Every structure is written in C-alpha cells, then in structure tokens.
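Next up, some structures in structure tokens.
First chain A sits with chain B, and in the next complex the same chain sits with chain C.
Right after this comes the complex of A and B.
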C-alpha cells in the first residue's frame, strides 16, 4: 500500500484532533472522514492508529467491519437496495434485476459515468413498504418497475 | 518417553478467595468465585467440548460448542462465559445440548477441508471435536459457498485465499480457519502486540495481520502465541508441517535471555520438532518470544564444530584431533606455562550461557586445578555493578522479586532497559499490567517501544543524555526528600537511620535538585519532579533496570541510587515493588552465584573469608589462595605485559563482547595457549590454539538461574553431537590435569553446590523435578525457595543508604567527537548473534544500523541507508545509517549483533569504578559519510577467514 500523501494527512488531521480526546473516538473519526471524502482511504489507517495509540490491525478490523467505510470513492449518488427476506418476498428480486439493467452496474459497482453506486443493504427497517431502497439517505418504499425507472432517470440527470 | 501433556482448563484461574459450591453432572464442585463453569467442570474432570476457549485468554463465547444447561434457568448459556454461582445444578451433557452441538459442528465442518492434513496428524481439533459431539455425517455437503476450495462450480472461489508463508517459522492457511479469534486474542491479551484482527463480517470474516498484510510485513513479532492458541490447522509451525507431529517431549529451559522461559521440547527421535512454552513455567506462564520459540535451529547448524582442534600458532590452519589428544595437549601446555611463568600465568572464564553445574566446575578447575583465583565471567561486562550495588545496600547480589510480582505493581519505573526487545516475555507481562492501568515512567535516552506502543503509553519519558543516570536518580531522590514523600516509618523500622539522615542531607543539597541537574541530563526539571511524585505516591512502585544502568563508569553508583529510592519510599519487601535487574543472559545470575568472580566463592562469599575457604579446602583437598585473582581486563593487560599466558574460555566470545576490541585482540595474541570451548568458531577462536566443541542446552542436563533467582531445570533431549556435554569436557580436562573428579551426572555437581553453599542448601535435582523450580535462597528456612526477598528485614540487617555523588564520565564529547553513542539489543537477535545469526531470525535484522537524529544526519549530509563511518578515539567502524527521531539530537544508537559491525572497536576502556564493568553505553563519536568497510574491518575479516581454515583428519581405517 502507498503511504498516505501529505495532503491526505493534512486534511484528516483536523478530524482526528476534533475527536481524539473524546471517549471511543475511532468511529466518530471514521464518520468524519466518510463525511469529508465519501469513503475511507485505506492509506489513512496508519495515521489514525498512531494518533489513537492503536495497532493498524485494530483500526483495520473496525474499518473493514462496516460496509459504509468504503475503500473507494462512490458515484455522485448512492443507491442502496434492500435485499433482505421481506423485500425479496415482495418482488425485490425483479426490482434488483431491473435496476441493475437500467443503471448498467452490478451490486457493489459504480457506473462508468460516475453517476451512481449501487449497493445491497440488508433491511432498512421498512418491511411494511417492501421492496424498499435508500437513495442518498432518503428512503423510498413500494418499489416497482416505474419507480425503478424514475430512480434511474433521477441519478442520470 | 512420552508427551508432556498440559490440561487446558478453558478459562484463566480466578484469583478470588471466596469459594462457591455447585453441582456439575451430579458432582459437587467447590471453586473460587468468578471461575467459569467450563473451568470448574474441567477441574472436576469433566471436559466440555470447545473450540474458541483457552485458559491463557479471557472467555469469549463465540464457538457455541461449550453450551450447558442450568437447572431453573432458561436457555443454553456458554460455559466459558458463565461464571459459577452458589448451589446451581449444571448439566454438560443432555440430548438437547448434544443436538445443538452437532448442529453447530456440522456447519463448521461443512466449511472445513475434508482432507485437512492437520486433522489427520492430530494437530487440528476439528475432527476430534466432531467426534466428541457425535457428528458422523454432514447434510450440507462440500458444494455450497465455502472458504476451502480454490474453485467453486468451475469458477475461482471469491472466498478462497492462498496460504501466507511469509513468516519463516509458521504458515497461515485461511482455508482451515474457523475465525474463532483465539489468535487475535492471544496477540492482544498475552503478547500485547495487537497485530491480528478479524477482517470483514459474517461469512466474509477472516483473520488478517495488520491491514491484511502478509504476516512478515505486519506488526507481528513472531512470538508464536497465535500458533499455540490456534485450535485448527490454520496456524502451524513450518517444522511440524515438514517433519510431522512430535512423538515425545521434555520440559526444559530456554537458553536465550535472563527471563528463563520454560518450554516443552517436542521431539521426534533425537530431532526437535518444535519448542512450545510450558504453562507451568513460573517465569513465562506459557508465553514465549521469537527466539526461544523458533530460533533453535543453530543447534544443528552446519557451522557447528564437532571435533576438537589444535594448532601451534594462530596463523596455522586448525588440525582436527581426538578428544584425548586435545586434553593431553591442554594439560601439557598449562603445566608448562605455570612451570615457566608462574602459577598465576593461567586462568579461566566461565560462561553465562552454560549451566550452573558447568560454571561451578570451571571455577573449581581454576581454584583447585590451577591453584589460583584467575576466574572471571562475562557478567563482568554486564551486571557486575548489580552484584556490588545491591550487596552494599541490601546484602544480596540479586533482584528482589519474582516476575509474578509485576501483577501487583501500580507504578513501573523502567530505566536503562528495553524489555519488549531484550526480555520480550517479561515485557509482555509488564505490558499486560500496564494495560490494566499501572502507570509507567521510562528513563532512557532513546524512545524505546514501551514509551508508546499500542494500548500502552508512558506517563513520563525522561530522555536523559547518556551517562547521566546518577544525576537523574539523585534528583529523583532530592524531590522525594524535599517534598516529604519519604516513607519514614519504613525507613525507621527497616533501615539504618543514621545512614538515611546522612543520605537525606546529601540529596537535599541544591546541586542535586532537578533544576540544577537539568544542565547535565537535558530533561526539564518539572518532568523529573512529576515522575518522582508518581514513583513515591502512586502505590506499589517497582523499578526494572538493565544494562543501561550498569554499563557506565558509575554503574555501581547508579544501582545504589536505585536501591536508595526503593528504600526511601518503602518499596521493598512485598509483592508488587522492589528492585529488579533484568539480566541479560540465560544464566548470568547463576554464573555469578557459582563463584565465577575472582574474589568470590559460590554464594557471594569473599575469598578472604577463612571459614568459607576452609569448607572448600577440606572438600577439594587443596590450599586455596586467599587473594582475589585477575579480572578479565587485568588478564588481558597482564597478557600484553607478558605475565599471563594461558586461558580457558568456556562459552564466551570475549573478542566480540568485551570493550576495546583491539586491546582484547592484542591480549589474546600475546598468550601461548588459548583454549576456546564453544559451539562455533567464534571471533575469540581466531586467537585460540585449542578449540573444544561445545554442546547446546538441548544436549545436557543441568540448571539455569534466571533474573528472578529462579533455578530452572535444563533437560537433555538429544545426545551431544560433539560427544560430550560441556561439564564432561571440563571434567575430562581436570582429569588430564591430574584432578580426581568423578561426577557421573550434573545432579552430583548440584549436590556439591548445595552441600557447600548456604543459599543453595535445599536445592537438588529431585526437588526441582518435584516442584518445577525454586528461587534461592532455598534452605532450611525456605525449603521451597524465596519469591520475594527482604520481606521481614534486609538480608544485611538494616538497609543501608549510600551517598551517590554524580561524577561525569571522562568520556566527553568535544569538537572531534561531538556525538554520544549508546548501544542496545533488538528483539530478533541475541547479543553477539552467534546463535540467532544462524537461524531465520536474520529475516528481521540482517545488519546492525546506526540510528541518528534527522538534524544530525542533515548536518553531515547523511541519507537513510547510507554507509557511515563511526569513529571514536579507540577506533572506527562502518555501518549503515537509519534516520529516526527515536534518538535525541546529539545521540546515536546501534545494536551489536553482527561481527562485521564490530561496534566494540569503537567503545573505550573506561569502566565502572567498583567492578570494571565497561562503559558500553557512552562513547563520544563522530559520524561521517563513508563508502564501505573501514580498513580495520577489512583486515579483521581477512584475518578471521585465514584463522578459520581447518584441515580435516583422515577418517580412521
């Protein structure tokens, strides 16, 4: 792995300093970096570990546990489609297939034009409105083919 | 011969005094409160199936095999995480539990290779556990998603990972892993490195080193704790994979550092398969480091010399001879030398690497056979000031505690020691206590790992200038007296009050205040004051020190200053406190105990004492000289002067380890018969006339005494490849010199030691075989030894405070030599490296590097990795630079593990005023860019190469 560039370190240091003295500072720091960059560049792990006097393994274990701490930048939009049991039973499979076609990406991928990243999610707590999804933090319920097309149009615009 | 098997109780023992009684499977069991049900059951002989539990680590409760039922409670809790409670009735085996366990195990087995070789060999618990829970078939089959197969449905399997073979000693095969986390916990809880983690989650989760790096590039220090903990075949020693599982084992003691870890040597025939730390070992409690666990390959290295050799001149090639010829030659030469040059013209050097029994024989040979006291030991160059300083203040020449004591310590003060590198297993035990909340003060010119390492951070690091220990320690005392932090009750009861008052008046003088000494030490006074307050008021405070204290012109003074601090604050005579020298070599304590010094008979009794001499005179049937003999430096001086001609050196490389290499070389070259007794043709052997092959710790019986005075058994697991154990060689040499020695076994030598030495009176091999180990004094008053000394009063009666005036060393920086060089050790290598350089430990440390601060490097135009010349007024050498801010500006640091570096060409002849211990830790030097080896290094290498030629004897017809 490449060592983190000076620029990268300069930009994360304020985030680390903001939380370092708090109790349990690792997750707030990672969230702060996620807000700032939209992902958690893996090169910053040694810097965080050093600042908090943790091992690199300690930090890596936490970072790799949470799917949201992605290693790569996302597209301009992030669409999370629920793939859990309730949504599957309400036609989620068809919607998933349709959305992948419309967006031209598979799960876990970002479209070539950088417009959207599609991710699976396992339950948004919205089973009553299944199948459900979340676009850039906003939940959408009762997905069907029409709504899928609407979403595709929105992220492409 | 059989395997030494240890019971795994599943969870650590509880330390509670309150007892709880419960019923397990109808058996009434009484255990301490806080014990897990799993452990209580095991103590009652009931084995609950388990995969993720191990009594070295806290319970975790992830494998779900160890479920039990408790009458009147719901569910099936894990027995490892459920503590015992008064009166509960536990069932470990019911139909319901059996069915749950089979279900769990079935899932595990569906993701475990059917052809796991470790399972087949009995090195993987999976098949055994499957059998134990009664799993006979698997409904899930091998075709679902799994981590096992490289190919899945004709495609590459995204879950499959290749083995990681990067570590030279063990292999990690993710396909066999069940992610039970035992390795992760061992790395954190036991070793304290935190190099491992679980990556990802759910079915994706996997054990990873650092950031999913190869093990070798991760933070891993290769201690082996994870391999030992792994219940599957995922982490295995490469030697086991290559050679197969061991067939028998014996408990023995590691021959590296002064921690003295107990190991099981696991064998196939006469071949070591692996060394596994022994949980009942009271020094290491089941833990190990990369050296003891893995770096034993030198024992069978091709460089080992197996036949005796002689040569008339050191410029001749070696001639292999028979043992008898070698002994006859030595006897003839030593007799000739004594006839020609006088009785005092010969002497011997004992080894801190050999057993107590062997050391005892060498000093006996010198005293009884040579008829003089010209015997010394390598402890001269390391801990002789400890012996002197602690004897003057407390009355014994040894550390005051056992290692377990650290578990009760609230404030740890480390000075001039680097435990995580030089005494790694104790370092791990110390770090464990620090993670539990003990405070830490580090006094060291260099930022050692302990100052800041994951989950451990020193409260104070006082980075003093090399050579100013006494000023610093006296300043700490100043604060303690000035601010009224003295434990007056302790001092009045236990110490000499007049001496205390004299000392208190001395340390109170304004020139000893932290403000005043700042100009020598370079450490801000406020930091010193804060550290002193913490040491004096933080609860149980213990001092751990090493060669950074002793190897100075004021080494003995510094030891006394440390002893003063502990007395003044009442930190002596109970668990958790004390003064603890971290001894360098496996048996440096023992070699000192055994009368290796020219002025002392075994048990630190002065040679001038008539009663003591009488004991030996009547037993040995000779008159002993009542005058102390020559120390190593005196022997070399006398050799250069022409009055010292013959030397028997057992297991020490004085040319590499003693100061001022050129002077040592000149001394050796001036002798007429140098006998080197060692495993390898070491550097000293380049100047030898007789070479006697030595034996390794695996090839002999005996005892080593570690830094906590613990006498540990060394057990023979193979015949000496050189034919004779070292004690037999010394004995045969004595016989050739006409002495009537007839020991059949080292136990008889120990019996003689016990008979003649009051502090060892109770020690015998029988006792050690029964109780494992004892700490001396071991006699009528303490039949099982003495873990903590000075409990009810000091050995010398009243503890004695001694004034410790700071006298700056004569070794000063100036325009020609503006930097201070100090030296140290690294984890993977050991001392002069004769052993570790002959193992795969070279992977971690190929060469010695010179650490230099970026400012000093920049001034000299030195870049990281450049060759630099390191020069002092004694000599010069060259090595490559490492630029780091671990050292302060003005200080440079190197290790001394490689003979090519020859760091001791640079060190000077200054030494401790009381004991002649060389001042290795301070040398004024200059560093400049260089193209490669210096002239001395080239000449030396040529000479060494010429000197190592061997003419092999024709095999007998």
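Right after this comes the complex of A and C.
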C-alpha cells in the first residue's frame, strides 16, 4: 500500500479528530472522507488504523465491505440508477439500457472523457414514482426516454 | 391571516419537480406582489398527484396536483392564493376529501404532509409530545406494559412484539443502554420510513425518547441508509430543534431523564438492515450478521443492552402513549393489531402510502385503492414485503393483510411494501434477480446464503437455457430449502420466498425454453 501524501493526511485529520472519541467512529470517518473526496483513497487506511488503534487489515476489511467506498475517483457527475424490483416493474431495465447507450458506459464504469460515473443502486425509496435515479445527489423520478436524454445532455455539457 | 402555501420537501415530490415548482411560486409571488408564506411540508403520500401544492386560507386547505412549474402562472390567474375561487383544472379540493386519504386510518402518519416537519410548534399543535408527557408520568414498567398491551409488533418485517423486546432490555443490567433505530430501509417497494423521517421526524424522535425512558437508556442512534440524504438533512434539523427546546439533552422536558441522539449513516450494504449486522456496522465493523443468542436486548451495541426497532415501530409509540393501548389495539385483526402503513408501488396507477388497520385484502389494496396497473395492462404478480417477499398471483388476492394470513400462504408482510407487475413480467427473470441480489448483498458469513445464492443464479441460468430443465427445478427447490433452513438471517433465509413463489404460482414461466417460445 502506498503511503499517504502529507496533503492527504492533513486533509483527513480533521475528520478523524471529529469522530475519534465517539462510539463506533470508523464509518463516520470513512463517510466524511467519501464526502470530501468522492471516493476513499486506499492510502488513508494506515492513518485511520493508527488513529483508531486498529490493524490495517481491519480497516481494509471495512472499506472493502461497503459498496459506497469506491477506490477510484468518480467522473464529474455520478449517476445512480435504481435497479430494484419496483423500478423493474416500470420499465427500468429499458431505461437503464438506453442510458448506458447514451452515456457510452456500462454500470460501474466512468466514461473515458471523465464526465460521468454510472452506478447501480438498489432502491432510493422512490418506488411510487419509478423508475428513479439520483444525479449528483439530486433525485429524479418517473424516468423515461425523454428524461434519459436530458440527463445525458446535462452530464455531457 | 397570511396565506400559507404548502409544497412538499419529501424526496418523492422533489424527484417529480417540487423544488422547481417552489421556485416558480416564489417568483410568481414576487412578480404579482402577493404576500404568502411557503411551507415545505412532508408528502401526504399520493405520489401520482405529486408535486401536490396546498393553499391554506380562512376556509381551510385546498390542494392542486400534479403541479408542473409551467402550471404555476395559470394557478395564480385562477386566484390560487384566495382559495381557488375560479376552479383550475388541477384543483383537487380539500385534501382530506380525496378518497385515497379519506379511506385511511392515519395514526402513525397523522401529521405527515400536514405540518412543517422541522417546526416543533406545528408538531405540538397537532398532538405531538402528548405521548411523551404521558409517559413521563408513568414508571418504566407501566410504559412497557402499555406498549405490550397495544399489541404493537415490529414493523421492520419480523413482527416481533415490541413490548417484549423492551421488557427484556428493561430487565437487563448494564452500565449503558441504547435505543437504536433501524432506518436502513433497503427493501424495494418500501418508503414509509423515508416518508416519516422526511415528513414528521419528531414522531420518531419522540418514540425513541419514550423507549429510552421505558428501558433506562440515555443514548440513541438512528442508523440511516446512505441512499436517503434528504432524510438525513431533515432528521438533523429536527434533532437540533429538539435539543434547543430541551426535548433532547440532559433533562428531557425537565424530567431529569437524559437522552442524546445521533444520526449515523450507512454505506450502501443491504444486509445492514438485519439488526445484528446493523449493530456491527454501527460499531465500525463489516456489516456481518451475528449468531443469536446473545440477543441484542442483552448484548447489543458494544455488547450492551440495546433496543433495536424499526422506524415505524418507534414512530407508532407516541400515539399509543397518547391515546392508550386499547385505542390502538382496537384496530386490526387476529394477532396483527393497530395500523400498518402500506406502501403501494411499482406498476400501479395510484401509488403511495396507505395507512390502514390490518385486514384489508391484497386485492382491495391493489385493485380498489391502487387502481390497477399504471400501464393499464392486467396485473400479473404482486411482490409483497420487499426483495425477500413472495410473489402473489391475482388468485391469492383474497389474502387479508395480516402477519399470520400471509405466512399461511407462504408469504410475508415484511415492511408492508407492495410492488405491482403487469403481464409483461417474466417471473423466471424475477426469480433469478432475487438470487442475484442475495449474492451481491450477502455478508458472506454463512454458507447457504453466500454459496447458495450464486449457485441459484447458475441453476436458473441453465434452466433459462433449457439445459435439463426438470433437473434444474429440482436443484433450485432443494437449494431453496437449504437456504431457508440453514441461513443465519433473513437475507439467505427469505430469498427462497420470491424464488419459490414464482415457481409455484407461475410455473409456465419456468418451462423449458422451446416450450416458452412456442407459447409466445
């Protein structure tokens, strides 16, 4: 594992210090880093492990368990598309196929121009206005061909 | 009286454009020089009418919906702010008179969509904190007795009696006890937790405080899934307001009882909705399911006595303490007492939240209340209880909504989410998805779930390819049996429900490929 740069450590220390004394601090710390960077650089693991008196393996085990803790930076936009049953029942698969074509990426990929990362999500709780998606944290309901085209245009601009 | 305009801040309404509507209304008010207050309320749960805008004048509230930003100007032309004296095509009338709302029994959701979610004054003006005040006058034993007497069962899916859980924690000894709210609402087709957290967060906070006083806990956490960032914002605002008002903190309403509450975010792991995996996650570990015993009530968060309840279970406590156990218990049927917020979702005309006493039949919910499919095609299957719930065909629509009645038909109520599918659904694909989902989300601790789900996908793929189909059906049935009885938790244990119900009720979709093609 690559040692973290001084800059990286400087920027994560306030997050670690905020949570270190709390009960169960690891997830809030990782969530804080995720918010700050958009991913969890694996170089931060030794620093967190030291601060919480855990082994690196323990921290790595946690980081690798949760879907949210991506190892790589995302594109400029992150599009999460719901793939669960309620969205399937409203033609979610077809919309997903269309968006993959329009964006030129498959699920889990970032487009070559770095404009967008496409991720599957299993339920946004918008099941009465399916199919649904989340673009950069903003929710979108009743996705259809037209809205898919709008999304594609927005992330490309 | 200044006119109040209500525009929901519920994420379902926002997903349909509520924020744009709010901006358009603000602009229009300014342009026309009209004085009005905009209140961002929760949703009433009629999602086919969202964004639903309500205007409050001397004559009460009138609703309009679904409103698009482009409708706003014409709404004002039709005297929106004076109660719609010249009717607009989007005018719905008094919201309470809408049949979808008029037919409900709103106890837990009494305020949702009516009040400003982060106004404690609004909350109290609509009956909030009465349950807590009543509880403060009782002994812990009496509170637990009330909750037990009400017949409230865990609304997260397991249906375990809430009062018994509380009694166990009350009787447990430990240096520190915790109240943990399971807000990891990951089941597709469910959004009741999200709605109440976004629309009436104080009712959850009040329920948690009552639980704390009942069992002697002084700390609480709401474990919220990361897919719900809007709920996080509302909850944190509400907690701040409650703390400043002395509802939370070192002395709850001056009673001397301390209770501190924090929201903790998950990180995208479905299995963390399982209570023991949730506890591990909250402790900062991988969300691995624990073997029980020990029960969380004895050794829960950090090994200490812990009440862990679903959002709706906790949010149902204030009304019980306010109106009494008997009041609540008088609703419902059999051993399913009180009301249940049913979430009608998927391919359905009138999707939304419908709180009613237990006992409605599935057919009433889907056909009468839901109005059939959104696509207008016939209903073919209805999945009840999330990704781990069974698929029901219309021939079982006479099943009453009741824990035991659903169990008798090899199904479960779960968190009361209902996903409707029309006749274009391929049940083999749905069965495969159930296995695939289990494989993706398995914590990996027990073999039946970890390996069984992956094998399940393979077997169903072979079936789809027409490789020894009869044999594949035998294998998948046997596999489901192993998963059902051999898994540590409901993820592996209940995945057989959607798979086996699809095979049992829709055998035509599992016939060998040539036959399926011939049939089409």
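Descriptive notes on the structure:
What we mean here is this: the second predicted complex is superposed on the first by the 157 of 157 C-alpha atoms of A that agree within 3 Å, B and C clash if a C-alpha of one lies under 4 Å from a C-alpha of the other, contacts with A are read in each partner's own complex, and residues count from 1 in each chain.
Throughout what follows, a contact is a pair of C-beta atoms (placed from the backbone, for glycine too) under 8 Å apart; a residue touches a chain by one contact, two chains touch by 3 or more.
Computed from a predicted model, the values in this text were never measured in an experiment.
Legend: residue contacts after superposition of the two complexes on their common chain; A:10 is shown touching neither chain B nor chain C. By the touch criterion defined above, A:65 lies against chain B and chain C together after alignment on the C-alpha atoms of chain A.
Judged by the touch definition given at the top, the superposed model places A:56 against chain B, while chain C stays out of reach.
Of the two partner chains, chain C is the only one touched by A:139; chain B is not.
With both complexes placed on chain A, chain A has more residues touched by C than by the other of chain B and chain C. Common to the chain B-facing and chain C-facing surfaces of chain A are residues 58, 61, 65. Contact residues of chain C toward chain A in the complex are 11-12, 14-16, 45, 47-48, 50, 185-191, 193-194, 219, 226-230, 262, 264-270, 281-287, 301-302, 343-348, 351-353, 374, 383, 387, 417, 419-422, 425, 430, 433, 437, 441. Residues of chain A that touch chain C in their complex: 22-28, 30-31, 34, 52, 58, 61-62, 65-69, 82, 84-90, 121-130, 132, 134, 137-142. Of all residues in chain A, only 1, 42, 45, 49, 53-58, 60-61, 64-65 touch chain B in the complex they form. Residues 193-201, 208-212, 218-219, 452-457 of chain B touch chain A in their complex.
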